[in-house]
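I've put the structures underneath this note.
Consider the two complexes below, in which chain A is the common component and chain B and chain C are the respective partners.
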Partner chain A sequence: MSTFVSGGIKMNKRKDRIGYAFISPFFLVFFLFNAYPIFFTLYLSFTRYKGYGAKTFIGAENFKLIFKDPNVVDAFLNTIKIWGVNIFFQIFLALLLVMVFSDIKYKVKGLGFFRVVFYLPNLIAAATISLVFAKLLDKDYGVVNQVLFQLGWIGDAIGWLTEPILAQMSVSGIQTWMWFGNSFILFMASVQAVSKETFEAASIDGAGRFQILKNITIPSIKPILMYVMVTGLIGGLQLFDIPFLITDGKGFPEGSLNTMIVYIYNMAFVHNNYGYASALSFALFIVIMIFTVIFTVATNRTEIKDFIKRRKEEKARKKMLVEKGSVSNG
Partner chain B sequence: MKKFLTLLVLSLAALLVFTACGNQANEAPSVAVDESKDYSKEKLVIWSFTDELDTAGDIAHFEALYTAPGKPFEGLELEFVAVSIQDGYMDKILPALESGNGPDIFTGELDHIKQFIEAGYYADIESMMEADPEVDLAAEKADYKDYIWQSGIDPANGKLSALSWQVTPGAIFFKVDMAAAVWGNEAGFPAEGSDDYNAAVTNWMNENKFNSLDNLLVAQQDVKAYNPNWRLFPDDQSVRHFAAGTNDPQMWIDADGKLNPAKIKEQIPYINLVKGMYGENIDSSLTANADEWSGPWFDAMDKDLTDAEGNTWQVMAYSMPTWGLKYIIEPNMEKVDAEGNTLDKPGETADQATVDAYAAAAYKGNWGMASGPNSYFWGGTYLGINADSKLPEVSFAFLKSMLFDKERLVARQEADGDMYSVESVMAPAIAGYEGRESLGGMNHLDVFNKEAAKINLTSVTTYDRGLNDLLGVHITNYKQGADGYTSVSDVLEAFYKDVQVTYPEIYVEGLPTE
Partner chain C sequence: MDKKNSEQVLDERALQRIKDEKKKKRKNIIVYTLVYTGLAFLVLITLVPFWIVIINATRDGMAIQTQGITLIPGNSLFANYKILTDNVDIARGFWNSLKISTLVTVLSGYFSALTAYGFHMYNFKGKNFLFGLILVFMMIPSQLAFLGYVKWMTQLGLMDTHAALIIPSVASIGTVFFLRAYISSSLSKSIIESARIDGASEIGIFHKIALPLMAPGVATMSIFTFIGSWNNYLSARVILSSKENETLPMVISSLKALKIWYQNQGAIYLGFAISIVPIVVVFIFASKYLIENISAGAVKG
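Showing the complex of A and B:
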């Protein structure tokens, strides 16, 4: 018996070692390219460092500076504004298209083709997109204003990238165009998992398009909708490429395109203040984490309540069992 | 097992996070061929922010002298990496140098090499020169322009750490025919067809129109008044080189290592100039609103610009340095046929014969080059050796082939027509120069040489680029009338807030606000 048990333990240990061997490459890569940079950034945030030469330890000075720096609040608000408009229209457009392509009455054909077409902007490099849109939206020489003048729709050139609000909306619009296809594909995949009979039954019962959207489509895509919102939030708060490349890389016009990451980038790589940039990065990391938690809790209130209730019941049951055991032992 | 892995991971984390990379002491390494090395197994790595070392044949020249069969470093492999500044040259090279894995030889512009020198990345090449019997240190020092030599010295030890074969002074290149149209009737303006016409017009412009920031503003107003669709400059970035307005500019950082109040005061006339030049659209602006390096900016060199409304505009002048003439403006200058008729530039689909014929055609020669309110420099490539290089003798040999082979430098200068920082190369080149066809026969080398003599490179600090950037953002907000920017005081106060956050080590209270 003991030999059999000992042999069993040896087999389990061998299986463990094999398991660890298989997962170690992932952890090695994760440590080198994720964990180490995070820890090193945290270390730098407590120093004054120009990117070369010595690192001088200055304690929490960089973090204190964050609360005195008015650019931080401006950059954060810019990020929220640009992201907020983008995520709204991105999801709105994706849902609208889902409604169109899941409509059982009209049975729109060519889903495969449109999926590709809608997703294509996501495949184009941000640098290319920025270059193209910078030329298209140029106030004095851009094609968009040219066309609008020729159509007689405007009397004065529109500063798409020179007026602060318009510049932010332009970037939001570009982001929407880049990402709505991605959202559409994800939503559509969820909707297609719902059987056609469900939609047909609802239609036969007299449900309108918006009733079907509200009661069948959206509940079926809720998990993926939450996923898109959370990843959109995380990605949106790290918005960098388009705002950086489409104008002068310093937030022009009037700092409206100065997002958090643009600000951090310039602080590190233009002004060589790696310490403060690292502190800002960590602060952003904390903010994203808080936002993600708040968002997750807000959108899963029922599930969280049920979980808490089950945990309480479980604890109460265990306590009762312990008390019963004490009474019988006593 | 779990505990062991956890301990290993944490130990590795601690080791990596707290590893400091320090540079070895900057001892002067030997420049003699190391007989113990097998150079056929070695590799010399060179990084630069342009591909000039390759395209100008410098690497091939070095290989012919040193790595070809029978030469001192026979069989040595050479790896050349070119990363433009826009592609993040500094972002890539600094971590490489910091980690000890940097190239053997690397270049930089002046503010870059100041950082390299401050960090101790560059070796002491002056001691290497002293140690090499083939190099006469005193003679080389006398042959190089003093301000180029001085700008590459490491203040920590007073030794030369980097040197440039180039000088890159700037000028204002302008269309002489447009200038004649605007100011031709003013007193003293040279008569068309007079001797050395372009040079004569240039001198007149130097003395009357481009010699101060106030006159630059008036000149722009003159051009617009003459023809509402003409502009002197394509954009307001054209005047940023004249922000100091003097050939003896203040340094951004004073002797105490703090932001220099005198430099701030020096910027105020420039801030007012930019504000005066701005207009929401081209009609109300004194420039053509064609951003530097944009398509319209290039187009305006040889053709009319057409804006979104269909209006056409012409631009007279561009601020460009030495390399700008050859690589930026001349490729976009008008050309003429044998009868003097302007030729159309071949389109992208033109056949090779048409392209070749256009390339061989003569320039219209309607451009001049003038000085601005102050001399300026833009760019310039310095060369230095990594203090940690395992091949210092090879690296120094490359430096010798680049910087001290005067025969080679003369041939190189004749090929590219550029400005060099070596007197023995430039003096005969200037004296024997017949004049630049594109500039109507002007001796641009002589003009640039005089401009270069006025440049004060010792005023450059490692903070210059960043501080100019920070101030530039607020000047842009002011010129556009952004909220909170109603006066120069607002610009300066916003600038100081940014300096306080970005460069707290140089910030000081009590800086001027007007």
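Showing the complex of A and C:
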């Protein structure tokens, strides 16, 4: 019996080593194509480097430059503006739709259909979307101006993509168009996870529509609301395709669409300041990491608390067991 | 007299009730009309750009310029295609994108399943550390390392090759994480144990038993992987340089610099349609499945 068991364990140990074979392709590629480029970028950020020719090690010079570069502040503010307007309308629309479809008095039909339709823009390549809207919003030939003109709502053509503030708002609008369906699906799923009885009980107790919204709907989507806002911000900080392609890569008009990645791209490949561009991307990397960590801690606060509590309880229990053991032994 | 009176009261009450119900019904109709009008408006805003692209792809440039938007398709589809292909090699871009996205999807699906299975089934040394590493890297925006990636690919001689865009999919961190969670709920270790007793090899067990059981999870992730790869622009742009290697989003983005951007808008819209329609078709078939999965993600947290 005992030999059988030990044989079994030995066999399992040999088998367990096969596990390395299963995960090795992943880790080989992971280290070579995922982890290494990050460290390589970090290394490049400490050099003066044109993207070709020699690399000169210059210490933290590039990082010091970031704090003196007014374009960095502008690019960051542009991103925050574009993100802020987008996230406001995106969440507003998604919440409105959730209210409509979770109402207990009025049964609005067709949820399945509307979810599919509203999600559709999210599937299209941002590259294509940028060019479609560059066409639709064109000052002289665009459909939008044409229609507004025919309706008699405007006299002069509006430069949707050539006026700095309008260009930012247009990009926000495109982002909202792309993402509100996604937020709606996520919110709706969270609300549907709350039992219907909860809503019915609240309405029997005489709760009004806004009380239900405030006390049931919003709390049920709070975690996912945070998720949408933070992933939106992280995605927003990495916004590239739309501002880059709408402005032919320049971030015009007047730098209003110069987002961080557009700036990094041009710094590296147009101005040939590869070392500085690497430092910029590493700085952005760290900013995003900080947002991610704050978000993870904030959303998992109760879980982290639970974990610490459980650990404490376990320790206390173990301690008690040890004490009990020593008592009974004694 | 009394009887008559009470009957009258009853009648009046009934009348009042009918009136109330009518009022309520009218209010209901108004509310529903408002709600559905609002929804229809939102649907319109969502779909109008698609509609314009598809209709204009069939109209000739002059008609678009002079007549604006219409609801009726034109008959210049083939003429537009001729003009488009005279200017850009869109078929090549389509083929390149299809090739890259398919390979990325297959590699990502297969190796993620392999890795997730390895983590789930075996208790090797350093397992928790390695899985912790995956978790940490899941939070890292590693696409920001594209400058280092470009120079590293130059050193490896992989610049301007599709391989530089395909190989990284072997290490798809998010997919491994998802499949690891998927397997622990769908694969019981006793099935694997009984296959071992029957003398099957470890890799054979993976291929014949585990992989088919994980197939629904792999399929879910594959849809997202495919769409993500099909739409990818930045990394293709920094890695690929020669015309014959360009992906579809690169070809599309080059349209803006062409003369036909203003002169032959029909051809331009056809280019957009070619990049949009396949994804929309895939989505219409997989939409129920996809949306259920997005929803499930929200509920889990």
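Heads up, the rule we're going with is that the second predicted complex is superposed on the first by the 254 of 330 C-alpha atoms of A that agree within 3 Å, B and C clash if a C-alpha of one lies under 4 Å from a C-alpha of the other, contacts with A are read in each partner's own complex, and residues count from 1 in each chain.
Keep in mind that, in the parts below, a residue touches a chain if its C-beta (ideal position, glycine included) is under 8 Å from a C-beta of that chain, and two chains touch if they have at least 3 such contacts.
Only a predicted model underlies this, so the values are computations on that prediction, with no experimental measurement involved.
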Between chain B and chain C, more extensive residue contact with chain A: C
A:Asn182 contacts which: chain B (first), chain C (second), both, neither? second
I'd like to know which partner A:Tyr36 touches here: chain B for first, chain C for second, both or neither. both
Touching A:Phe210 in the superposition: chain B (first), chain C (second), both, neither? neither
Check the residue A:Lys68 against both partner chains and state whether it touches chain B (first), chain C (second), both, or neither. first
First, second, both or neither for A:Tyr20, with chain B first and chain C second: both
Please indicate which partner A:Tyr141 is in contact with in the superposed arrangement: first for chain B, second for chain C, both, or neither. both
Looking at the overlay, what does A:Asn272 touch: chain B (first), chain C (second), both, or neither? first
Given the touch rule stated above, what does A:Pro121 touch, chain B (first), chain C (second), both, or neither? second
Which chain A residues come up in both lists, the one for chain B and the one for chain C? 16-17, 20, 27, 35-36, 39-40, 43, 51, 135, 141, 143, 146, 269
Chain B-touching residues of chain A, taken from the complex the two chains share: 13, 16-17, 20, 27, 31, 35-36, 39-40, 43, 48, 50-53, 55, 61, 65, 68-71, 135, 138-143, 145-146, 148-149, 156-157, 159, 162, 164, 250-255, 266-267, 269-273, 276
Chain A residues touching chain C in their complex are 12, 15-23, 25-30, 33-44, 51, 93, 97, 100, 106, 108, 110, 112, 114-121, 123-128, 130-136, 141, 143, 146-147, 150, 177, 181-182, 185-190, 192-193, 223-224, 234, 238, 240-241, 245, 248, 261, 264-265, 268-269, 274, 277-278, 281-282, 284-285, 288-289, 292-293, 296, 299
Can you check the complex and tell me which residues of chain C touch chain A? 28, 31-32, 35-36, 38-39, 42-43, 45-47, 49-50, 52-53, 65, 68-69, 111-112, 114-115, 117-119, 121-124, 127, 130, 137, 139-149, 151-152, 167-168, 170-171, 173, 176, 196, 202-203, 206, 227, 230-234, 238, 248-250, 252-253, 255-257, 262, 265, 268-269, 272, 275-276, 279-280, 283-284, 287-288, 290-291, 294-299, 301
Please name which positions on chain B make contact with chain A in the complex. 1, 5, 9, 12-13, 16-18, 20, 88, 90-91, 94-95, 97-98, 115-116, 118-121, 280-282, 289-290, 294-296, 305-310, 465-466, 469-470, 472-473, 476-477, 480, 482-483, 497-498, 500-505
